[in-house]
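Think of it as A, B, C, D and E in the order they're written, each chain with its own count starting at 1.
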Amino acid sequence: MRVGKVIGNVWATKKDEGLEGFKLLVIDQINPRTKEHDKTIVAVDAVGAGPGEMVLIVGGSTARFAANQHAPTDATVVGIIDTLEIYEESE
Amino acid sequence: MRVGKVIGNVWATKKDEGLEGFKLLVIDQINPRTKEHDKTIVAVDAVGAGPGEMVLIVGGSTARFAANQHAPTDATVVGIIDTLEIYEESE
Amino acid sequence: MRVGKVIGNVWATKKDEGLEGFKLLVIDQINPRTKEHDKTIVAVDAVGAGPGEMVLIVGGSTARFAANQHAPTDATVVGIIDTLEIYEESE
Amino acid sequence: MRVGKVIGNVWATKKDEGLEGFKLLVIDQINPRTKEHDKTIVAVDAVGAGPGEMVLIVGGSTARFAANQHAPTDATVVGIIDTLEIYEESE
Amino acid sequence: MRVGKVIGNVWATKKDEGLEGFKLLVIDQINPRTKEHDKTIVAVDAVGAGPGEMVLIVGGSTARFAANQHAPTDATVVGIIDTLEIYEESE
């Protein structure tokens, strides 16, 4: 899974009906070791994440299962991170 | 899901019959935070997107479900973006 | 889906039987907007593409369905491009 | 599969119930040939890997099967590496 | 599918039982057009590939089917390349 920060929202009136009722969050994917930014994506929110929260995002077909099996998504927020501990800087 | 702009069309007479009847759109994938261009792909249009519109694209096996379960696609347009709000520039 | 050019062939006597009977094409993946080269891959040919032809390639599990549901491929040629029209250079 | 080093842990109270009971490990993906770092991800631990251990990570829908078929993960640790032998530096 | 060279082996005593009995090969993925190295991965060997051999690797869920439907792998060697012919250098 990827780590990211909730940095925005998307509204789309004309969309697949399977996305109805889901919040569509803009996620800034971040490397938790180097803090570098990676690709910014849009994910279905399955846990009620708010602006600025650090979250866990699952991709691929599993994202569909994590939403409600029918939502046409390949990225779903499946956790709000309380703590991310790095034991030691990886050589 | 990825964000992108509809920048073209593809016509292919010789193609898998599962693609018959679908518009094949050329999508310039764009990072909504940095506005950088990412890979340009071809996606099946499932919502009637037009030239220049900003759209949501789903990938992987879910793209097949979003089209009609049989179309051999790994990228499908599943929404036309009305508004994409970024709360704050992600550090 | 990705756009690419057929630039070669692969022969492999010792291979998964599910690949028997399929032409294995070397595809130079090309960004249709910037014309930049991307990763070169090997794809199962499902539409009879020839040397130098510009083609549409589908990836992931859908590639298996586009071949014959059993071929162990994650890349299949699903169309030969007649025309690829770019409306306007994406800003 | 990818090779990586266990460099941390993630705790998330608010998460998909399918992730309950699994340790969520921060993995520094490393190229075993060049030792370069690749993307740092979070993976479900299915084999009891500890801090600093070198592990094998599987991705995609297979990661779900490797966990318990229901956990909404796209990355699962499926082996703890005893030895990784490189025969010769690849030209 | 990707092209790569077998450059090593991985041994892991503590691993998912679905990987039992499979050789785990270290594969240097190579771009067959530019000869550039890409990510080095670990793949299940389904065709008996030996050190230094050039092979075809399939990824994603299809890799599971190419192994034995149960092995938790997202990369499987499905062919040993006899000849890889490039017709012409892709512009």
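Methods note: a contact is a pair of C-beta atoms (placed from the backbone, for glycine too) under 8 Å apart; a residue touches a chain by one contact, two chains touch by 3 or more.
Remember, predicted model here, so these are calculated numbers, not experimental data.
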{"item": "Smallest count of steps, each to a touching chain, taking chain A to chain E", "value": "2"}
{"item": "Distance from the mean Cα position of chain B to that of chain A, given in whole angstrom", "value": "19"}
{"item": "Centre distance in Å when chain C and chain D are each reduced to the mean of their C-alpha atoms", "value": "30"}
{"item": "Overlap residues in chain E, where contacts from two or more other chains coincide", "value": "59-61, 63"}
{"item": "Successive chains around the closed ring, taking chain D as origin and chain E next", "value": "D, E, C, B, A"}
{"item": "Residue numbers on chain C that touch chain E, as the complex places them", "value": "5-16, 18-19, 24, 26, 28, 30, 37, 39-43, 51-52, 59-61, 63-64, 72-75"}
{"item": "Interfacial residue positions of chain A with respect to chain D in the complex", "value": "1-3, 31-34, 38, 46-48, 56, 58-63, 65-66, 76, 78-90"}
